[in-house]
Amino acid sequence: MSYVQIDRLSKRFKETTVLNQVSLSIEKGELITLLGPSGCGKSTLLRCIAGLTEVEDGGKIVVGDTNITQLAPKAREVGMVFQSYALFPNMNVYGNICFGLKMKGVKKEEYKERVERIIDLVDLRGRENSYPHQLSGGQQQRVALARSLVVEPKILLLDEPLSALDAKIRKSLQTEIRRIQQELSITTVFVTHDQEEALTVSDRIFVMDHGNIVQIGTPKEIYAHPASEFVARFIGNYNVLKRAEMVQLVGEIVMAGDAFAIRPEVISLVPRGNEASAQSKNGWSVESVVRSMTLKGNVIRYEVETNHQKMQVDVLNTSDNHWIRVGTPVFMRIPAEECIPLQ
Amino acid sequence: MSYVQIDRLSKRFKETTVLNQVSLSIEKGELITLLGPSGCGKSTLLRCIAGLTEVEDGGKIVVGDTNITQLAPKAREVGMVFQSYALFPNMNVYGNICFGLKMKGVKKEEYKERVERIIDLVDLRGRENSYPHQLSGGQQQRVALARSLVVEPKILLLDEPLSALDAKIRKSLQTEIRRIQQELSITTVFVTHDQEEALTVSDRIFVMDHGNIVQIGTPKEIYAHPASEFVARFIGNYNVLKRAEMVQLVGEIVMAGDAFAIRPEVISLVPRGNEASAQSKNGWSVESVVRSMTLKGNVIRYEVETNHQKMQVDVLNTSDNHWIRVGTPVFMRIPAEECIPLQ
Amino acid sequence: MKPNKVFHASLITIVMIYLFIPLVATFLYSISTDWYRTILPEGYTLSWYKELFTDPRFLDAMQRTLFVCFLAICISVTVMVPTIFIVTVYFSRWERTLQGLVMLPYAIPGVVAAVGLIKLYSSGPIVLSGSIWILIGAYFVIVLPYMYQGIRNSMRTIDAIKLVEAAELLGASRMQAFWKVIFPNILTGIIVSTLLSFSTLFGEFVLANLLVGGHYETMQIYLIRRMSESGHLTSAIVVTYFILLFALSGIVMRLGKSSSKEGSR
Amino acid sequence: MKPNKVFHASLITIVMIYLFIPLVATFLYSISTDWYRTILPEGYTLSWYKELFTDPRFLDAMQRTLFVCFLAICISVTVMVPTIFIVTVYFSRWERTLQGLVMLPYAIPGVVAAVGLIKLYSSGPIVLSGSIWILIGAYFVIVLPYMYQGIRNSMRTIDAIKLVEAAELLGASRMQAFWKVIFPNILTGIIVSTLLSFSTLFGEFVLANLLVGGHYETMQIYLIRRMSESGHLTSAIVVTYFILLFALSGIVMRLGKSSSKEGSR
């Protein structure tokens, strides 16, 4: 049996169904993300696990061997990090971190060492006496993380912890959260609307839409095999083609499916006059012309036009690929095994 | 002479120097971004151009043939879009868009067609009678854009227009802003802290740090040839090596430079036992082992360890690359021409 | 969450009852014929109201009060709205100073203010004592804090600075920015402040009595003078006052809501 | 930006002068020997202050006022802080109701309230009329709006709901969450509200006079009774009052600042 079991959780606010009979299970030590657009119910689900939002009758939340559905938040042994940090302004970093231990009645001699270890873990050595308003956003969120971790909760809940931070700091904290989570191997639920963040940090991703979980899988599975157009568009920059469009593009096809999703990075561009190599493996080659290019950083995104369609193609930003310019006529090579049929 | 000329602009708030003798010029029809971490002075520079912040004596701002340094904001003919949208809550979409025209005394018969065109351009057809609080964040920002554009300003100023929006909407609005800007070929200054955003939308990027412009160039130039460690780390995910570290990694080198920056995507990974191909072009091959992998979406990021260093390597997420796993021994191929010496 | 609920609910109920009992009692008293040593009145009548509305002295007093309050509030709105607008948007350094000054009347008890004013204007070079102008001047000062807080909060809620910047960049002059963009959005705030001020002034007795009491009978003075005569009558006045105030608030709030679509407060 | 600056600055200056003149005049009057038909007083003396501080009636009145105000405010803090906390954090649906109720005293003029209270407690089943308890009860109601607004704003500023959630998840009980996390952070807000309330009550005359005036001489009543005797003396009282109030505020604010590091308000 899984470590966390959630069974048919529902929540309605007035007329709106926010959670619709959601069931899921999480293994011990795993980091899962709840990923979805705003309003999909992901934060509400997290608050239900924490006990901050009451669930409707029939729902059940089990952690370890304990049914915590009816327990008060303080009895659930969950840690939570909020988007707004929610640090206690009247306490310094040390005071914030010790708060949970004091509340649990742990003696000062006992917790001292543990607090020191966690301060090192979140890299806040030297800031112990600072007050929250003296810290940057990133540092405040580290304090919030340390404060939740030091009491050794059974589950750690992260509610869009990085949304309020700058792009650069966000990325470095993603890595750090993942490192700390693995070091402590603590069961973690991470809520985010940023698909790149979800791919980077998760063991498994739960994609949510309108109060339902629409797909579950490892980042690799979700990214490479989206189950629906919604997931395909949300998780990556997929080219989604209707069956008729697909037929127009590559000719008759044998695969079943009403629509097909093709990731932009699996398509390769081959110079014209090189048809031999373009025809090689199992797949199609389509005559086309490069219409625009956008530098994304490590990747260059091309918009490539055939007679019928516009397709997006991602290639690595290396000097090998710099022959591809706007206006260059190319063959677009689409491997057959990377065309994912959607319902 | 350039369309916009800014000459030795300084601004001090009490003790802090926010802008330090900044000079720059912008061509007509160009979109430039001011890119930098929070507090680097980019927003202040924008506000100085708009006339919302007074500049210190000696600074000069010329647009076209007009010195606007001493003009009131309303006389400068600049359009500005704020992060917080700043729509007028008492007016509907149509009223917000017409406001500028009414203020300029344009007759209703004259502006009617222009307003209709701009509503189509920003894709708000059908929402003309909605009030700001009835719109999503993305829609509100479109209204703000339309409102600024309809008066045909000489420059359009965008102050982190997308920072308050979700990742998905942010990306689609980036594309749209760029499309609209090119369609109207309006001179635009875009302020952002997100390097990917800057790379995506700009003709040229001005990287700022502590009130100074530290590098100017096209996205390609800035990304591929950062002038300093600060830019290298800010613009991409560069591996930055000190000269000694570089020597440790690849042996003696002839290039000058105290430090070297290598982008993760120019390094390629070759299976061991394939030394022939690994040695081919001008560059180095280093024996190493894959230590971790992170799926970023279209790219997989590996951390690869040699005897001395850890390096990050980005490869495209295609089935061709799926042989690389954690623990796989590889050759890391570093092309010599992609090692950028830094001061 | 359940066990505490009873305690919480009862605490809140007690507070509400404490606040409501005097109101209900006053109402009952105003329509009762007699009410001694019984839980509820012995009989009900509307005669107290009839007596009140046919008393010319009452109607005169009402008129005078309305005139003085109306004038003082008009002046206050005319002066404070532009002042707060200018200080908020263009002179934000001065904001703390203005706030400090404007909050002073909170700290000055009415009695104390009256003493100051009478001494100043009855024995100094300018003699205004006894005229209603000194009363209006004092009322202007008294309502400053209400005006300031209401208007200032509305401006903050709509982020007036950004809106003015946006309007100016679109070619509006400062006057246009104020009238077209700021004013419609703070109207509700102004109306609420006005009502609050009105209610405060309407009940102000000390200044009215000390400054002009002898020769200008306002509502408050009338009320206290009649109190010893009949408790039922004064209760009727109190109830009338409340009904008026609620009706007025209701109408004005609805007007404000439909004319401007915003969420100040 | 320059041409308008003069206009703006002068407008603001006028407002400030208007607010300050009575204060300065009162001060001058309290230390002057004689002041008729001259711009400045003819001579200066401290004798008014000496007379004041040696008058036992003044000291008694001061004591009584402090006692009544202190008690009313203590009750108010004790009742309102937990009530607002509970409603804000746990019963947010009730917030609008509580706000409406608590703001009522703003809408009830003191005169009107007094009438209601006297009628209720002097003729109904419970007779409290004339005792100071009815005055304290009325004062409790009067200060409700100040207490409510100050405390509520402080809670909003620190985002009390999130802080309580964080504290509870860390194992704190509701009481602990309140005492360890919320209370230290709203202390400044409570102190400011208390001072404001104190100043309001200190100057309240109508209720004091109508409810207990005959047999319990408070500061306000003393002040008005002495006014006809000597304007200089009353000016001295006013100045004393101000100095006391400012000193008190200063001390309390500094204490609040050093004991809790937050930015409520």
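Per-chain residue numbering starts at 1, and chain names A, B, C and D are given in the order in which the chains are listed.
Methods note: a residue touches a chain if its C-beta (ideal position, glycine included) is under 8 Å from a C-beta of that chain, and two chains touch if they have at least 3 such contacts.
Computed from a prediction, not measured in an experiment: that's the story for all the values here.
Enquirer: Based only on mean CA positions, could you tell me how far chain B sits from chain C in angstrom?
Expert: 53
Enquirer: Where the CA atoms of chain A average out and where those of chain C average out, how many Å apart are those spots?
Expert: Using C-alpha averages as centres, the distance is 54 Å.
Enquirer: Cα centroid separation between chain A and chain B, in whole Å?
Expert: The mean C-alpha positions of chain A and chain B differ by 24 Å.
Enquirer: Among the residues of chain C, which are close enough to touch at least two other chains?
Expert: 1
Enquirer: For chain A, what residues touch not just one other chain but two or more?
Expert: 72
Enquirer: Considering only which chains touch which, label the overall pattern as line, ring, star, complete or other.
Expert: Topology of the interface graph: a ring, with each chain touching two neighbours.
Enquirer: What is the complete set of touching chain pairs?
Expert: So the chains that touch one another pair up as A-B, A-D, B-C, C-D.
Enquirer: Can you check the complex and tell me which residues of chain D touch chain A?
Expert: It is residues 158-159, 162-163, 165-173, 176, 180-181, 184-185, 260-263 of chain D that touch chain A.
Enquirer: Can you list the chain D residues touching chain C in their complex?
Expert: 1, 4, 8, 11-12, 15-16, 18-23, 25-26, 29, 35-39, 79, 82-83, 86-87, 90-91, 94, 97-98, 101-102, 104, 106-113, 115-120, 123-125, 141, 144, 174, 196, 199-200, 202-206, 210, 220, 223-224, 227, 231, 234-235, 237-238, 241-242, 245
Enquirer: Please name which positions on chain A make contact with chain D in the complex.
Expert: 50, 52, 72-74, 76, 78-80, 82, 84, 86-90, 99-100, 103-104, 131, 133, 144, 147-148, 151
Enquirer: Touching chain B in the complex: which residues of chain A?
Expert: 37-38, 166-168, 193-196, 199-200, 219-220, 223-224, 234-237, 263-266, 294-299, 314-319, 335, 337-338
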